[in-house]
Amino acid sequence: MAPIKKGILERLNTGEVVIGDGGFVFALEKRGYVKAGPWTPEASVTHPEAVRQLHREFLRAGANVMQTFTFYASDDKLVNRGQALKMTGTQINEAACDLARQVANEGDALVAGGVSQTPSYLSCKSESDVKAIFKKQLEVFMKKNVDFLIAEYYEHVEEAEWAVQVLKTSGKPVAVSLCIGPEGDMHGVSPGECAVRLVKAGAQIVGVNCHFDPMTCVKTVKMMKEGVEKAGLRAHYMVQPLAYHTPDCNRQGFIDLPEFPFGLEPRILTRWDMHKYAREAYKAGIRFIGGCCGFEPYHIRAVAEELAAERGIMPPGTEKHGMWGAGLEMHTKPWVRARSRREYWEQLLPACGRPLCPSMSTPEGWGVTKGHADLLQHKEATSSQEMKHVLDMQKKAKSSA
Amino acid sequence: MAPIKKGILERLNTGEVVIGDGGFVFALEKRGYVKAGPWTPEASVTHPEAVRQLHREFLRAGANVMQTFTFYASDDKLVNRGQALKMTGTQINEAACDLARQVANEGDALVAGGVSQTPSYLSCKSESDVKAIFKKQLEVFMKKNVDFLIAEYYEHVEEAEWAVQVLKTSGKPVAVSLCIGPEGDMHGVSPGECAVRLVKAGAQIVGVNCHFDPMTCVKTVKMMKEGVEKAGLRAHYMVQPLAYHTPDCNRQGFIDLPEFPFGLEPRILTRWDMHKYAREAYKAGIRFIGGCCGFEPYHIRAVAEELAAERGIMPPGTEKHGMWGAGLEMHTKPWVRARSRREYWEQLLPACGRPLCPSMSTPEGWGVTKGHADLLQHKEATSSQEMKHVLDMQKKAKSSA
Amino acid sequence: MAPIKKGILERLNTGEVVIGDGGFVFALEKRGYVKAGPWTPEASVTHPEAVRQLHREFLRAGANVMQTFTFYASDDKLVNRGQALKMTGTQINEAACDLARQVANEGDALVAGGVSQTPSYLSCKSESDVKAIFKKQLEVFMKKNVDFLIAEYYEHVEEAEWAVQVLKTSGKPVAVSLCIGPEGDMHGVSPGECAVRLVKAGAQIVGVNCHFDPMTCVKTVKMMKEGVEKAGLRAHYMVQPLAYHTPDCNRQGFIDLPEFPFGLEPRILTRWDMHKYAREAYKAGIRFIGGCCGFEPYHIRAVAEELAAERGIMPPGTEKHGMWGAGLEMHTKPWVRARSRREYWEQLLPACGRPLCPSMSTPEGWGVTKGHADLLQHKEATSSQEMKHVLDMQKKAKSSA
Amino acid sequence: MAPIKKGILERLNTGEVVIGDGGFVFALEKRGYVKAGPWTPEASVTHPEAVRQLHREFLRAGANVMQTFTFYASDDKLVNRGQALKMTGTQINEAACDLARQVANEGDALVAGGVSQTPSYLSCKSESDVKAIFKKQLEVFMKKNVDFLIAEYYEHVEEAEWAVQVLKTSGKPVAVSLCIGPEGDMHGVSPGECAVRLVKAGAQIVGVNCHFDPMTCVKTVKMMKEGVEKAGLRAHYMVQPLAYHTPDCNRQGFIDLPEFPFGLEPRILTRWDMHKYAREAYKAGIRFIGGCCGFEPYHIRAVAEELAAERGIMPPGTEKHGMWGAGLEMHTKPWVRARSRREYWEQLLPACGRPLCPSMSTPEGWGVTKGHADLLQHKEATSSQEMKHVLDMQKKAKSSA
């Protein structure tokens, strides 16, 4: 029988660093199990071995949290815009809980049941309609007895509050992260105010995930922390950013970049960028530090290696790496052995090998969000008339850029 | 019982396109199972589930060849420079054959037993010493009855000839690929002459793998083809390039780039770059088209999608993609739906998001190879005196750049 | 006898666009007549033909203002840090007035006498000491009867106020421009507040010059305009920016960029960038539109061509250009003739041909200004001990970047 | 009376370094006196003060050669494609000789009369027709008694041979430079063979000018030198490259780059690039070292400063510079004083400040030259039908890039 593990709040209350895992939808898209567009997690049912393997890799990289692969696993999302999946949300949520628990048992990790933003909210459904969706997912998490809950990837703080309110009814610890940057949520609510509202809604852990690069996300969480402290409240903080450099983003984040989602490769962070991120996050007082889209297991390992002294432990996967790439001492070529040291990698300015490409892009910035007709979702596949409309809008947006 | 599959030569003789898999050492390094530096494949024994999963992903992406994960699995490499693995080369080779066969049986793929260059050759050991190493690996491949053999990643054509000569004794089809570019092998033998020598040594399939980007590799194989045809010989051609843009390489390839191996991210090819690569390779008359370091399953899937018409089949993994990213039609955001079309991605010039970085690097170019004292290998760990020496050389090389 | 020209305020009061000239110190440094470092205008005395020629070129390009080449022509600057010029400030100021008047008489241009910031202010001299310097220059301008006065290139609004107060005593129109960006002056005073203080000090025209690229300068003047209007005051606005792209600047402007002053070439604006600048400045309500460091005559011509319709006149120099480069229709090569059109040049993203260089730099940001010991000036040449000190500081600044 | 100066061959025969001047058409285009497209030198007649001033600046920068501003001053070019100049070639050639002589007399410089390629050759006129054009220009040069002759900017070695044959009849020393790169002339003749043919035609000095950046030009002249020496001949060598970085050029040189001629700014060389160029040219055995399009006086001064030790003299203009920018020791800002040293500028990798732009371009490469109908010239202005045709071709060329 596995020993009883310390819970998420026990850890954070004592100042422990908790390492999160990386984003599943992007990693599994590259491996062939997730479809970019709907981004739904049916692989939890159809290809459990692939999902289990990714959990194991993050565990080996040092992650203390196994998030159930239930992103966008709400019934309204599973049937959006012509997607015709043969399984229900409940089936996916249950399968995902079992996979996460199985791997969590193999190491020092907790299981976090996750909910995320819904097409229903985007389509202006009522508070009770949207909350009903979260409740249905929560029922599975309670039945499977996850260790804590995460409401993540919310563009509008209002929907995140609703999610927190539902999750709080469980009595389990609740973490919540918005996918916003320093400019605030899609309706213009500042990071500080968002955080205050979420703490008041009952979340013990607040922060951001996805949409922006690590340094931007750390900056945003700092703004949240300042807001919470100024309001005389208390919270723990989490950050799970992109593994992409996005200095050119506007409020909507990387969704607006022309490279999203199939041309982001030149923006991928190196492991050394991750060292800087982990240090900055730690210095900002954030203690739940993980990743989102673009993170591969070696990125999480780099976070765990950077904070090895603070945590008093190296991740298992370091046996195949060594601090600052010490394994290169075993390379056959002398000039590669000469790279087995921290200064070399810290000072490297890596080239992209693409001299015909720019270093930054102009984000699209259509400036529409929840409440705009173009954001209404439906079950039917996107019609050719709708496609013509969006192509026209794209053309117009480009010419005015 | 599985139906009898067509062999590699049967396929190539009828003009069929054979899709190779991607490189295992880089993919598994990112997943936490291979150590950069020694780059040895002990994971075949220690973490079979991780190796099996990667095979499956390439199969799902459309690969017709499962290469045994036996790169650098020769006894002299397993104990080089202080590495102290607890298993023998034979154990690794056997485990790798079983894994490849198991997954090959799940689809339309053949098993290829692989050998690669040895530290013994770099250290100027005799022909018979080096051949003995290949013979030992070949024994396992015969016992496990692989479908054909690949000698790959040779920097010196002489060692590749020795490998072919050994593999030919098996009676199985032999493919051979050098890790060279248009400038030829490390001793200055041109691609055309290399190819002629390898065909004369008995290889039925010749080409290149690793060290250079796709377009450079296709160009090199074209030079090989011209050499073979000019010599009045016949062969099939293969190409398994890097998934990194390397326009700035010199003869030694990406090993010399300052980003190797831990800062290559900005150079990673997109799936759309892979479409261009597959088309160019096909137009050049190459029919065994795969990948090497940096290739992830979605890169192989892009190759298979580009050549779907020629092959008369879509890869299984396309169910989670759609041609030219058609799945984006199901995205909730209208401006992302507007990207679900070929023209958009073909014309994109992706930004790296790193305005402080250059677009090309200066390769180191120490100009030493087999025969030079610095290339002699040994069992002992790299000493601090050796490290001091290489750091001095690196400093000197940089200041004269 | 030349007809009586309309004065600067007459023009601006009727909404006329006044085209300024470009920066003399940078242009004449490239031509060999100004020393980077001291940046003093002794060429007005020593090489009048060179200064006259540059005036003529700007006149031909469309400029309506001939600024006397008297930048840094104060006695305290002429003998700073070991410079031993053989002429006095008065000699330079007089010679410069004569040259400007001579060329102004050849076309529709006014003569503006110019003063600029002083080493005395940087060295914390008293208000009366600093004002005495401006008074001495003003005496020459009055004797030579310039058409109006410009106090330009002030990093601290306080010194600019003193200059305006002195110049106002002349009864001539007074323009004043700071070399600040959106972050405000070196002591942290915002652009809006700066502008209000300068209008209150008596300036009829306020704005910015130098230190930042055109778009940043236009943005800063907009902030000034908002400040002035919010305060219920009135003014005309001027902008004379750099001809360098400087998106990476901090508060100190291009002085802090590592490329200043001898590596700025890749940042030089094209004539087409100038069209965009002129349009943006015009749309922002700015009517005195010129240039500073980096501007060559063709840059001013582009400004005049963009605003030809609004001004009802083309610059004389257009005879050697044509709108949007129409002269290319006469090129011998057909593919160059194909470029004789607006769309071509508007859409061009010009490459730098330097793949080993980044696209942005990290400014130094030592964070010291007037009031700090390192800013104190003296007559003696910089000592080797001083040089050692600044090199140490540079090293420290770089390592903490 | 001026002392008798050493002739060009006397200088070169004794191993002296001769510094050339920079390109006039580009420099005067920026100053407003030359029209890009026809690129003709009528300013020698219409604005002598502007031409004289530029001569003086190059003299001051260290140039030993004043090339008459007679580029494209042949009668057939003056009336090409609708240009209607009011002066004859003879008038321009005479005025240009007078200006060059006047300034040469002010220092240690020789006057070189220059001829260049003709529209007649491009339009397939006969050898005698083309030679008649050169003869007519030569008559002026003889009458004005220039010191030596330069035939420059030839894309086809055949036309250059014709020019040399005509110029040789004068008895004056003849230099000749092609505007070609390592790929050879527009008809595919290699640099080595071109040089041999020109030496055989009678030239004492051979080399290249324009079309490529300094390092490419030095490389090309090296190939010429190897060709000449291999043929057992002797010659002096000259190089007058662009002041633009053009690593992305094909055979046609910078004419094919999309930035030509109005978007080349980001490619401009710094003075430090010029130091490297001068050193490389010197090391290659080239002794006539100057510049062409893009060179400003400070570029030539940098060449003269780099070779000051070899020449035993500093250029006059150094009084306003100091070796490696020593004048910065007098700057008021300490961090700029810290830049007054060689290492700083040698190691700088200057940023372009344009993160939306690429670092290299794709040249157009229409692949047509003399002999193709599209290269035929005529007196009439380019018709709208012709324009439509070239726009169609441009579109086609771009889509196949």
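Per-chain numbering from 1; labels A, B, C and D assigned in written order.
Assume a residue touches a chain if its C-beta (ideal position, glycine included) is under 8 Å from a C-beta of that chain, and two chains touch if they have at least 3 such contacts.
This structure is a prediction, so every number in the text was calculated from the model and none was measured.
Engineer: Compare the CA centroid of chain D with every other chain's and tell me the farthest one.
Structural biologist: A
Engineer: So which has more C-beta pairs touching, A-B or B-C?
Structural biologist: A-B is joined by more C-beta pairs in contact.
Engineer: If you average the CA atoms of chain B and of chain D, how many Å lie between those two points?
Structural biologist: 48
Engineer: Based only on mean CA positions, could you tell me how far chain B sits from chain C in angstrom?
Structural biologist: That pair's centroid distance is 58 Å.
Engineer: Between chain A and chain B, what's the gap in Å when you average each chain's C-alpha atoms?
Structural biologist: About 32 Å separates the centre of chain A from that of chain B.
Engineer: What are the residue numbers in chain A that touch two or more other chains?
Structural biologist: Each of 248, 349, 351, 355-361 in chain A touches at least two other chains.
Engineer: Any idea which chain A residues touch chain D in the complex?
Structural biologist: 248, 355-362
Engineer: What residues on chain D touch chain C, complex-wise?
Structural biologist: 29-38, 49-50, 53, 56-57, 60-61, 80-83, 119, 122, 213, 244-248, 255-272, 296-298, 301, 317, 319-322, 325, 327-341, 345, 348-361, 364, 366, 368, 374-375, 377, 381-382, 386-387, 389-391, 393-394, 397
Engineer: Chain A touches which residues of chain C in the complex?
Structural biologist: The contact residues of chain C facing chain A are 349, 351, 355, 358-360.
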